[in-house]
Every structure is written in C-alpha cells, then in structure tokens.
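Structures are listed in the sections that come next.
The two complexes that follow have chain A in common; it is paired with chain B in the first and with chain C in the second.
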Partner chain A sequence: MERSNYVSTTNACKLCKPLGACLAFKGIEGAVPMLHGSQGCATYMRRYIISHFREPMDIASSSLGEKHAVYGGGPNLKQGLRNIMTKYGARLIGVATTCLTETIGDDVPMIVKEFKKEMGESGLHDLPALVTVSTPSYSGTHMEGFHAAVRAVVEQVSSNEDSAHILNLLPGFLSPEDLRYLKEITDDFWYPSVILPDFSMTLDGPALTDCEKIPGGGTPIEDIRRMGGATATFEFGSTLADFNSAGKFLRDRFGVPLHQMGIPIGLRETDVFFDALERLSGTACPEKYVLEKGRLIDSYVDAHKYLFGKRAVVYGEEDLVVGLTSFLSEVGITPVLCATGGKSGHFKTAIERVTEGIAPPAAGPEGSSAVQPPAVYEGMDFQQIEELALQLSPDLLIGHSKGYPLSKKLGIPLIRVGFPIHDRFGAQRILHVGYRGTQSLLDLIVNSILEAHQDDSPVGYAYM
Partner chain B sequence: MAAIDDRSAAPEIESIDPNAVKKELLSKYPTKVARKRAKQIIINKVGDDCAAPEIGANSRAIPGIITQRGCSYAGCKGVVLGPTRDFVNLTHGPIGCGFYSWLTRRNQTRPPTLEDPNFMPYCFSTDLQDEDIVFGGEKKLRAAIQEAYDIFRPKAISVFSTCPVGLIGDDVHSVAKEMKEKLGINVFGFSCEGYKGVSQSAGHHIANNGIFKHVVGLDDTQKEGKYKINLLGEYNIGGDGFEIDRVLEKCGITTVSTFSGNSTYDQFANAHTADLNTIMCHRSINYVAEMMEKKFGIPWIKVNFTGAGSAAKSLRKIAKYFDDPELIATVEKVIAEEMVEVEKVQAEVRQRCEGKLAMLFVGGSRAHHYQDLFAEMGMKTISAGYEFAHRDDYEGRRVLPDIKVDADSRNIEELHIDPDPDRYRPRKSAEQIEELAAKGFSFKDYEGMMPDMSDGTLVIDDISQYETERMLEIYKPAIFCAGIKEKYAVQKKGIPMKQLHSYDSGGPYAGFKGAVNFYREIDRMVNCKVWSFLKAPWQTNPELAATYACE
Partner chain C sequence: MSAQGSVIFKERENQIHRKGDGAFEMDCNRDSLAGAVSQRACVFCGSRVVLYPIADALHLVHGPIGCAAYTWDIRGALSSGPALHRLSFSTDLQEMDIIFGAEEKLYRALIELIDRHNPKAAFVYSTCIVGIIGDDLEAVCRRVAAEKKIPVLPVQSEGIKGNKREGYSAACKAMFRLVGTGDTSDISDLSVNILGDFNLAGELWIIRDYFKKMGVQTVANITGDGRVEDIKRAHGAALNLVQCSGSTIELAKMMKESFGVPFLRVSYFGVEDMAQALYEVAGFFKDKDPEIVERTRELVREELSVLYPELQKYRKDLCGKKAAIYVGGAFKAFSLVKAFRLIGMKVVMVGSQTGTEEDYRDLHEITDEGTIIVDDSNPLELSSFLKEKDCDIFVGGVKERPIAYKLGVGFCDHNHERKQPLEGFVGMLNFAREVHSSVMSPVWRFVPRRKEKA
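Let's turn to the complex of A and B:
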C-alpha cells in the first residue's frame, strides 16, 4: 500500500519538540520548565498540556520581543531565571530553547554559565540546578524533545560519586497512572528505583495538597545525582536515537549497564520487563503479577472470538505505536496501518520485530486472496493516514484525540490512548503498560467493538 | 466536613483594605519588578467626570513571571482569522504553532450544507525543517500553497508567519503575491511572527490590517436588508454568534458580516456595504472599524451582547442609529418577549447567588462584559483585569491621545487610509450625527472597564499566576474567571473557576438565551456540593484569612 507524498503537513500527527522537554522537566521534584523564546510558546504548550491532564502546568518564558530577536535574548533569560528563583523557589530550572532562539543562535549553555558566575559574584551560591536543552521545533517531534531533556538532565546533574543499589528506570512519555504502576512494580520487587521523569504527582495531584507554588512529587534531584552510580538502567523505547538516549549516556560515561526494551504493552513486551526485573533483583516475580499475567492470558482467550481478524489503524508516537502493535498482534487483531509523525528511522524495524511470526496477515484488497503486511510509515500526517485508512477498511482506530474526525468519517470506534486526549475525561489515568495496563486496554477494545456491533443493529440486543 | 457555608463566609469586603492588598501583592517582587507591577495594579476610583485612574497596560510581560499572555501569531491566526471557515489558513513555520492553534478556541461555524467548504477542522502547516531554516522556506511555501489549491480549491489562502520565518527573511508577501497571480485566487500573508508586539494584541492589529488591505471591499454586491450592520469582534465561541444572529434576525436587522465568528471570505469582501459597524470586542477589532469609516464612511458604535440588559441596550442603540420607528418598535417587542424567561431565571438564581464575589481576568473585553452578567445575578465583581488590553480598554477612549506609543507598538504597521474615490459614502450626514449626539448617542466611543467598576475594586493588568493565588487567598471569591491555564490551579484551592475564553464545554452566553445559560451554569458551579469535599487553605489555617483584613 503506497501513500501519497505532500509538501505541506495537513493535520499533523506530532507535536513540537519543546513541549516534550517541558513535560520531562515537569517530572522532576521542584522543577520549573522554562522556554527561552517568545512567550506564546509557553502559553500554547501550557494550554495544551493542561487540557490533557486537567492539572496546573507552569512553564516560564524569557518573553523575547523583536528587539531581543535582533540583539540576543541573554539578558531576558538571566532576568527570567532570577525571577523564577525568587518567586517560585525552584530547585531545578529546565531551560529549553525554541525556534526563535535556535534561529538567532543564542548560546544558552554559555548564557547560563555567565549567569551562575554573576550570581556567585553577587554572593548567591545556593542556586537551583540549571539544566539546558536544545529543542528547535524544526527538528524532530515532542518525543525527541522529551528524550533530549531527560538526557540533558542526567548529563548535567548525575554523577557516579557514590555507587548505589538502585535501578534507573527511564520510561519515556507515559501517563501518570502508568508511572504509578511502574513504581508499584519495582517496589514489589523490593528494588529501589529512580524513575525519570516522574510526573505521576505533578501532573495528577490530589486536591488541595497542591497549594505550594510548585506541586509536590517528581523525581528527587538527589536521586538523579545518584543515577551515575546505579546498578542498572532500564530504558523503554525501541526507536530511540543513541544521541538522545539517557541510558546510553549513563552507560558510556559511568558504565551503568543498560537494558533497552520496548514500552511494556502486551504480554511479550511486559514479559521482557518482568524478566529483566527478576534477573536484576534476583527475586522471583511476585505472585500478584503472576496472577495479573494469568488473568490477562485468560482474557486474551475469552476475547479472541470478538477480536480475531479485526483490522486496526494505530497512530501516534513511535514507541507507543510499537507497543500497541505488539499487543494487538497477540490478540488476533490485524494492524493494517501503523503510522507516526516521527521520523526516527527505526520505526519499521521495531514494528517488524514485534509482529514477526505473530501478526495475523492482512487480507489484500477485496477480491484478491493475497495477504499483505501492515503498512508502516513514518512522517505521517492525518491527511495521509486518512487516505490509506479509507482503502484499508479498518474496524477500529487506536491513538489520541486527533484521530476522532477520521473515526467519525469511517463510523468506527476510536480507542483513545496516549497524548493529547482532549475529548474524553481521565486521560491522566489511562493505564497502558504492564499486564494490568494491557488488561484495561483489552477490555476497552473489546467493549468498544461490542458497542459498535450493538449500535449497528436495529434491534436492542442486550446479550452479546 | 467543611461545608459550603464555610467558604461563602468570605471576609466582609469592606474590611479588606485594597491598599494593603496591593502592598502585599508587590511585597515579594524584586524592586524593579515591583515598580513595574505597581503601575499595573490599580485601586479603582472613578471621578465625577467618569475618569478612571491611569493604569499601566500593553507593556511587556516580565521574563520568568508566568503570564496568561500569548503571542502575535496566536492573536492573528488563532483569534481573528481562525474562525473563518472557507479559506485555507496556512501556517508557515515549524509544526507546533499550527498544532496548538488547531481548533482549540471552540469557535463554532455552520456551513449552509455539508457540501460547503469548512476548513476549520484542518490544520495546514509548512512544517519547516532544519534544511528550510538554513536554505530558506519560500520554495516550500510556494509548493504548499500550490498543493492547498490543488487539493482543496479554496476561495483564498492566507499565510501566517511564525518566529523563524521573519528571522530567516522569508518574504511571505511576495510569495503570496506571486501565487495570487498564478492561481487566480486571493492569496495573502501576515507577518505575525510571535516575537512581535507585547501580546496577542499585536496579532489582532496585524490581522485587521491584512484583512482590510486584501479582502474588505472586493465585492460590491448589495445584500437585501433594510438595516445592515457588521458585527465586529464576535468570535462565536460556544455559539455566541448564533444567538446574536437569532436576536438580530428577529429584530429584522441584517448582519452583512461578522468578524469573524461563523464567517466566510465573501462576508469580509462585502463588509463595506453595511451601514453600521458594531463592535463587541473593542481591543481585537477596533482598527478595522476605524479603517472602514475612513475609507467607506461607515460609522461605528460599541455594543455588548453579553448580559441580557446589555444586549437590550445594544439593540436599542442600533435601532436609534437607524432612527426608524418601525425598527424601534420591533426591537422593544423582541426585548419584551425575550426578557420574560431571562427575568424568571434571574430571580431564581439570585436567591442563591446574591452578594457573592466574582473575579475576572480575561481577554481584552470579556473581563468587562461579563461583569454585567454577574451583576444581573446579584454578584459583585471585586477585581478584574485584562490579559492583553491597552489603556483605552480600561480607562476609555478618552485617554487615546495620552497613550505613549512604545517601540513594540510602533513596529506594528499603521495603515494610511484615504476615502475610497468611488465608494466612500457617509451613512450619516454631519447634521444627523450632531443630532444623534445631542440626544446622547455616542459614536466611536468606548468608555472602558474601569468607569463601570466600583471604587475600591482592584484592577490588575496581565495578572501573574502568583498574584492570582494571593488574590484568591485574600478575597476568597465565589467564582474566578480566566482561561484553561488558570483553571486547575484555581480549583485546587477549592474555588470554582469558569473559563471565559473557551467557556469550558458550555455556551452560548451572549444574548438572551445565552444569559439564561450563564446564570444557570454559574449558579450550578457556585452552589455545587462538590466543593464541600475540598478544604481551602484558609479553612485549615484560619489565621491566613484574618491576615489581610484591615483593623
């Protein structure tokens, strides 16, 4: 199945790089993300992130104007840092660049270095950690920005002064619910872990514990410092570029053994994660998870009659799509199109890895008996996804809210996962990972298919 | 469990000294910041001649102090031109800007049939990449315009510049001009790079200029209708425009164009055939009204359809302008009909809302207009401010000659407008205008927000997130109105928060039916039992409540 190529992007299937960086910084205790650029970037991204999580999200800005675009944004950046320090008592300020400051060529690490020196000269030595990351929106997606920020944090904060009996867990961009579950799992293995970033509290906080200027929770900075001396790093992501991998940095700089794996969605990818935990901890998988896994397999079997042969279009962030595709293949759903707005160059290989030998082959065009592999494309927008989807006659879509117009057009269910979800409630509490997350996705998918089936019938059948 | 009553036991307003509050708000700022903010935090006091104290407005936000404000691109593409359905709005830049302005304001539109073009659910972008930044993006822009034309065959294509575009020197205007000649449809560009101006306000001005220069006046077709008006600065959020259209239609008033809720390209092209411009949002659109007056002779008046009383007042004002007994009678009849339900619901909600406090920090006109709705419910606005307004929106247009134009505003082009040699037609003679003025009719006037507010209320321009939190703690209002960015921070404090940018998921709130919607919704929000499950900080720490009361 060939896609059309266009010059312009119509209804993008990706967000911009600094947004990802802000999300990552938000998962650090006492951190305030800051964008060096025009204030509109901070405002737009805040609005977008807040609408999804239904939580406050502060992003400061250096608020550059036309004059600064000409003469450079250094003074504004320094003034902004000073104000964040005094007003918010930030413990870490994560400065991400934007198109504006990348284009004019502001040397942010240099400006921050000068700032530290000036502060020192004026007697202020107790500065927050200042982390800088380069995130021009014209190069990569929000996921590259997310990973770049995580890497920048470990590069600029971690050390190996003390060796520590801890696991570094770099989960990538998951939901707060996912992060809570991962924490529960590592705790149940009795293995101390540092999850970076961890916005399970900062972007899904309880009512009214949040009155501090910076919400509680997040990866403690002390823990990040210790990451260089950890026992091992688990890093989720099959499409992560080496230069953007915090795990690779920790391995290459400090010799922390790295185990990269896909996001644990579905049985096999979750097994990989649990096996690795068993090996690392020397502890057998706790009974609780053995049972979760057992129930999941049981429900795979139960759901089989509803799901087998259903055709799905999956879109979104590369690693999320890889995980979902792996899971769908296990339950007998045929992934007919796997699409992402990212362009890592590793997407197709990763999809092949998780579907090989298991994905039910898609039937070819009507009337032909030929089978064809799923169409797998990087750099897609919704215009292209729609054109292909219209030919592939899928039964369901899996992805974020932006696929809704297509689901409406095709009259098929949309299973909402990932980010952004702006047309449903509880996005921050969607569980995607592990046996339990897979279980909830499975239930959701089966029920959506049943509901569509029910709705299609003129009779009100209540026994399906 | 804390009961609602605890929360409504807000301090007696009279016992709070606004001077002490102002001092408190400024106390945590570094000296330089405090000095600047002091000019933007004003204790209202309206003089006998309706003059309000001077407020600092439309000045740059302070780096690192989290602001509500957006950028020029947001004002131009997101606000003014976003709600137009039948031309292709193409963002020239990296993907973020287009993505974030992709149908996020809840502007509604209603094409006559499903076959009519509606590009509002689309987000078009050149999605600039590294190589475009290095070698220039004009080639890609040209190809993207061609592509949009080939696929969608739109009436027009408009191009919006984002930050890097101006910096790398792409000439969007010459590309637009070239493609206009090539394709034979209208193609025009906006230099609305995000770094221009101090807020989205700059983008509004740029949008006004562009639409005036490139579209208004292109189509001389006369629409049927006895009383023809344009409705300017109404963006049809949550269907506001539909409700206003319903009421106007009922009165027999024809809307030639709306800038820009539920609008089409043809409406803009034809706008100069109207006989009166009525302005809802003064801040975002007054430029176009001024220019239409100079070029075509169409007078403008300020109206406000937010609040049933204000809507009635505005209808009467329009009727008075046309000075036709038939219209005046119809308007009175419509108002009487509509007010029946309005008054019924007003009386009902007043029982539960009377005397409660509201704060509004939003927009360039909403913080003013919505005070009327609250007043109709018996609620008192204790503090208000705009996000991106200028001094004239606060103090009234009387201060226009005194406003200092700073470098940021000077960078936004002021178009020089001469009367159109063929189409300039004063709708009212000098005598008629004088006559109307003698009867108390004011043209080209906006008295601003502050003269409408009580003495001792706090007017805060570009309120920061920190100030917001302090204000909530000090006054404990029954409701706080702003946007999505403030929503959850406010609600964490146990205070209901109404979004007045995108209306949460509600609306319309304009006109008569809108007023009823609003009363009911605010009543529900303010009196909802859900708040009883939360404890606000001052409930757990009563000393906090007492601290700011003046002894």
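Let's turn to the complex of A and C:
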C-alpha cells in the first residue's frame, strides 16, 4: 500500500517540539516551564495541554516583540527568569527555545550563564536550578522535544557524587495514571526509583484549599541529582536508537547501565519490563502482578473470537504506536496501518520487531488470506492516513482525539489513547501500560467492537 | 527561593484598578511582561480567529507545524455548507526551509491544495519565523492568484508584531482586498453586513433570523458562516453592524471611507444590548420603511415574553451571588456586566486581554464600587482576585477554567470553543442556565476551600 507524498501538511499528526519540553519540565518538583520566544506559542500550548489534562498549566514566556528579534531576546529572557523566581518561587525553571529564538540565534545557555553570574553578584544565593534546552520545531516533533528536555535536565542537574541504590525510570510521555502505576510497581518490588519526569500529581492534582502557584508533586530535584549514581536506568522507547537520550547520557557520562525497552503495553513488552525488574532487584515478581498477568491472559482467551482478524489503524507518537501494535497483534487484531508524524527512522523496524511471527495474516476485504504486513509510515499527516485508511477498510482506529473526524467518516469506533484527548473526559486517568493497563485497553476495545456490532444490528440484542 | 509577598508584579500595578481607589487611570495596550504567564495570544492568533470561519476559503499557515496544529478545528464556528475552514493546512517548515527560504515550498503547497480543494479564495498566514527569514508572501500570492484565478491573500500576521489586535488588523486588511469586487445588483435597500460575529454554536443564525423578521437582508456574515462571494459584495449593503470591539472595526472603517457604508457598534449578548442593537437598526432604516420600528418592537416583545418568566426562575437562586469576568475583548465584558445584573448577580472583577483605555474607562463607569478592573492578567493575579472577592462564578476561556475549578469556583465558558449559543435573547437564557448549573451545583460543598468557609 503506497502513500501519496505532498508538499503541504494537512491536519498534522504531531505537535511542536517546545510543547514536549514543557510537559517534561512540568514533571519536576517546583518547576516552571518557560518558552524563550513570542507570547503566542506559550499561550497556544497552554490551551492545548489544559484541554487534555483539565489542570492548570502555566508556561511562562519571554514575550519577545519585534525589536527583540532584531537586538536579541537576552534582556527579556533574564527579566522573565527574575519574575518567575520572585512570583512563583520556582525551584527549577526549564527554558525551552522556540523556532523564533533559534532562528534569530539567541545563545540561551550563554544568556542563562550571564544571568546566574549577575544574580550571584547581587548576593542572591538561592537561585533555582536553570535548565535550558534547544527545541526548534522545524526539526522534530513534540516527542523529540520531550526527550531532549529530559536529557537536558539530567545533563544539567545530575551528578554521581553518591552512588545510590536506585533505579532511574525514564518512561517517556505517558499518562498520570501510567506514572502512578509504574511507581506502584517499583515500590512493590521494594526498589526505590526515580521516575523522570513525573507529572502524575502536577497534571492530575487533588482538590486543595488553594490554587497552588506550582502544584505539588513531580520528581524531586534531590532525586534527579542522584541519578548519576543509580544502579541502572530503564528507558522506554523502541525508536530511540539514534536519539541522544537521557539514558545514554547517564550511561556514557556516569556509567549507569542502560536498559532501553519498548513502552510496556501488551504481554510481551510488559514481560520484558517485569523480567528486567526481577533481575535488577533480585526479587521475584510480587504475587499481585503474577495475578494481573494471569487474568490478562485469561481475558485474552475470553476475547479472542471478538477480535480475530479485526483490522486496525494505529496512529500517533512512534513509541506509543509500537507498544499498541505489539499488543494488538497478540490478541489477533491485524494492524493494517501504523502511522506516525514522527521521523525517527526506526519506526518500521520497531513495528516489524513486535509484529513478526505473531501478526495473523491480514485477510483483505475480499477475503484474500495472503500475509500482508501492516503498512508502516513515518512523517504522516491525517490527509495521508485518511487516504490509506479509506482503502484498507479498517474496523477500528486507535489513537488520540484528532482521528475522530476519520472515525466518523468511516463509521468505525475510535479507541482513544495517548495525547491529546480533547473530546472525552478523564484523559489523565487512562491507563495504558503494564498488565493492568493492557487489561483496561483490552476491555475497552472489545466493548467498542461489541457496541458497534450491537448498534449496527437491527435485532437489538441485549445478550452478546 | 520562595515567592514573596504580593502576586502582583510591580510593572503591572498600573494595569489594575480598584473602583473607588482614587481617580481612574489605567495603562493598557502594553507588551506582555516577560515571565508573567500572560493569557494573551499572538498576532497570528488574532488573524486566525477573525478569518477562520470563512468556510469556503483555504487557510494555509506558512510556518513551522505548531502554529497550525494548535489552531486545528478548535473553535465552534459553524458553517451551513462547506467546511474547508475546519482543516488545518501548514507548510510545516523544516530546517532547510529556514536556511534557504521557503517561497517555492509555499508556492507548491498552495497549488497543491487549491487543486485538491477548489477553494473560492486562499488566505496565507505569516508566522513569526517567516517574518525573520523574509519570504515574500505578497509575491508568491500574486503568482498563485494569476495562475489559479482566485484571490490569494497574504495575511501579515507574524506573531511577534504585537498582540491579537494587530492580528485583527492584518485580517481586516486581507479581507478588504475582497470587498468591492462582487456584484451588488440584487441587494435590498434594507440590508446589513454582520461584522464581528463568528457563528459560534450557530449564534449568527439567531441574529440573522431576527433581521429577517424585521425585513432586513443580511448581505455578508463577516465572518461566521462566511463566504468569499458574500464578502466580495459586502460594499453593497446599506449598513455595517460591528460587534466585538477590536476584531473587525478596522474593516468597517475602511468600508466607510472607500464605499461610504456607515457602521454601528452593537453587541448581541444580553437582553439590553440585543434589544438595543435591533432598535438601532430599525431606527437606521425607519425613513425607508416606517413600519420597521413596530415590527422590531413586536419581535422584542415576543422574545421577552418568553424569556423573562424563564429568567426569573434562575434569578431567584442567583440573586446576590458574585461573578468575575476575564475575556479576550472588552466589548464582551460590558455585555456580561449587564447580563449578570439582569440575573441579580454582582460583578466584582472584570478584565480583558486587549482592552483599550477607553474600554476600561467605560467599564469603570458601569461597575460597582470596589470592582477590580484589570488588563492583560495572568493566573497568579486571577486566582488571588477570585479568592479576595470570594466569587461564585468566573467567566472566561479554557485557560481560565482550571484556575476557577482549583479554587472551587463555578465557571462559564465564554470563549471561542463554546458549543452553546450565548447571543440573542435565547442566548441570554442559555447563559443564565449555564451560570445557574455551575453556581448551584452541589459539588462545591465538597471542595476543601469552600468547605472550610461553610
């Protein structure tokens, strides 16, 4: 199945780099994300993020105007930093650049260095940690921005002064619910972990007596400092081979052993994660998870007939799509198209890795049973996804909200996962990972298929 | 280091006024303060907001992907026909484009999209970075227009050139190029253009319907449910009705100057303003059609007879409750102050992203003693005001919503994303219902901040 190539982009299946960076910074205790650029970018991203999490998301901006574009944005950046310090009491300020400031060539690390010096001279000693990351959107997507920010944080904050009996867990961009579950898992293994970033509280906070300036929670900065001395790093992501990731930095700089693995979705990828945890901790998998896994397999069996041969289009962030595709092929669903707006260059191999030898033949619409591996494409937009999907007659779509118009057009269910989810409630509480997350995805998918079936039938069965 | 003292930045002190605290004086239309988390957007956003609802035009954002992605189908602007505006088109500039320029890419993207969608016109939005790399939008648009025989209009909306208001202006300039190029032969003497209404949740249809009942023809919707052909012949209308303080006034002024079309400023929010708008239109046409005044009175009477008894129900519950308002443009704030009064509520804070000195002075006039008036606010200030005034409801947009909710304060969405019509007489009822459903909800009694008080 060949896709068309276009000069223009229609309905992008990606977001811009600084958005990812802001999300990553948001997962650090006491942190305020800041964009060095004009005001609009920050406001747009805030709205986009707020609509998904339904939580406050303050992103400061250096609010550059035309004159700054000519003379450089340094003074504004410094003023912005000062203002965030005094009004927010930030313990860390994460500064991400934007297309604008990259193009006019502002040297942000340099400006920040000057700023620190000036503040030091003024006798102010308790400066917040200042982390800078370069995130021009004209190369890469929000996911590169996310990973780059995580790397920047460890690069600029971590050390190996003390060796620590801890596990660094770099989960990538998951939901707050996912992060809570991961924490629970490592706690149950009795293995102290540092999850970076951790926005399980900052982007899904409880009702309190006040609207906190900076919501509580997030990875403690003290913990980030200790990451250089950790026993190991687990880094989720199947397409990070060429990426200068935080895990690689910790390995190359401090010698922390790195285990890169896919996002644990589905049985096989989750097994990899749990096996690694068992090995690291020397503890057998706690009974709780053995049971979760057992129930998951049991429900795979219960569900298999509803799912076999169903054709799915999966789209979104590369690593998420890989995890989902892995899971779908385990239950007999045929991924007919795997699409992403990203361009890591490793998407196809990663999809092959998780589908090889397990994906059942894609029976074509005419019932041909020739084995067809899924069509796998990077750099896709929804124009291209739609063109292919219309030919592939899928039974369901799996991805974020932006696929809704397509699901409506095709009259098939959309299983909402990932980011953004702008048309449903509870996005921050969707569990995607581990045996438990896979279980809830499975239930959701089976029920959507049953519902579609029920709705399409004139009989009105109340017993499926 | 910990945050100290007041949440109000020294630099912003003159952008906040408390009625009764000395003589009224206010700074506004300033650049947003760095690091203050302004709720404002950019020039591009302003242009996009205004032009977006033109449903049969192609809207191509020339820039990196974000600017286009964040504005994809986020507004509730409905169309009765084509829906090209709901797609998000971008040139998705890449590093090489930044280095070598992207005029050729823009040209090819335009040709490709025009061939695919056959739009009646194309708007090409410039973003910050395009301003920096210096692509000649004008030239590319001219080339494509000549080739494809449709208007291809550059919108000079580089984000850094200011705030939303400059964006409105850029949008008006782009639209003005269309005006005056269409056929006006079948336009009635009693005719208007509706400017500054975006047909959110079908609001414009409600207003058009009122005019129809009055016997007034609507020539062009600018821009809700907008069509290129209508805008082209908009100069044939007898009167321009301009809603929304900033967004389309410049177009009205240009049309007055070049085509002699007079304009009236109106608002369709709230009973008073809605009725006044209709009466003013009737007054304008009464020499041509003396009966229009009576027809209008009849219409208003009929609407009110349905509305008032309904409103009373809500009023009973809401009387004495306190409201805060923070919206994009100041015109909406006026109408909201009056609308709250009608349902017995007190406005204790009112602000906007882009109001003018004159706007704030007028707001100062109509509000009660002690009311906080604020320009270009931010989350820290807003939440401190909400607490200080112990509000029951906050009216704003998506970015303001979580601030209210975290404080256990009700919320009413009055932004472009709304899916519920708030204009017209029926809109007032919807508004009252929405305010009521939030203020009277039982959930607040469980929220820690409110519980402590109770």
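Everything below uses one rule, namely that the second predicted complex is superposed on the first by the 454 of 464 C-alpha atoms of A that agree within 3 Å, B and C clash if a C-alpha of one lies under 4 Å from a C-alpha of the other, contacts with A are read in each partner's own complex, and residues count from 1 in each chain.
In the analysis below, a residue touches a chain if its C-beta (ideal position, glycine included) is under 8 Å from a C-beta of that chain, and two chains touch if they have at least 3 such contacts.
Note that this is a predicted model, so its numbers are computed, not measured.
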item	value
Which of chain B and chain C A:G89 touches, first, second, both or neither	second
First, second, both or neither for A:V7, with chain B first and chain C second	both
Partner chain(s) touched by A:D126 [first = chain B, second = chain C, both, neither]	second
Residues of chain A at both interfaces, chain B in one complex, chain C in the other	6-12, 14-19, 34, 37-48, 50-51, 54-66, 68-69, 76-77, 79-84, 86-87, 98-100, 103-104, 136-139, 141, 205, 207-208, 210-211, 213, 405
Chain A - residues contacting chain C, complex	6-12, 14-19, 34, 37-48, 50-51, 54-66, 68-69, 76-77, 79-89, 91, 98-100, 103-104, 124, 126-128, 136-139, 141, 205, 207-213, 402, 405
Chain A to chain B touching residues, read off their complex	6-12, 14-19, 34, 37-48, 50-51, 54-69, 76-77, 79-84, 86-87, 98-100, 102-104, 136-139, 141, 205, 207-208, 210-211, 213, 405, 422
Chain C residues touching chain A - in the complex, by the definition given at the top	1-4, 7, 9, 31-45, 60, 63-74, 87-95, 97-98, 105, 108-110, 112-113, 128-129, 131-133, 159-163, 379-380, 383, 387, 397-399, 401-403, 405-408, 446-449, 452
Residue ranges of chain B in contact with chain A within the complex	28-30, 33, 60-74, 90, 93-102, 104, 121-130, 132-133, 140, 143-144, 147-148, 162-164, 166-168, 193-200, 407-408, 411, 465-466, 469, 483-485, 487-489, 492-494, 533-537
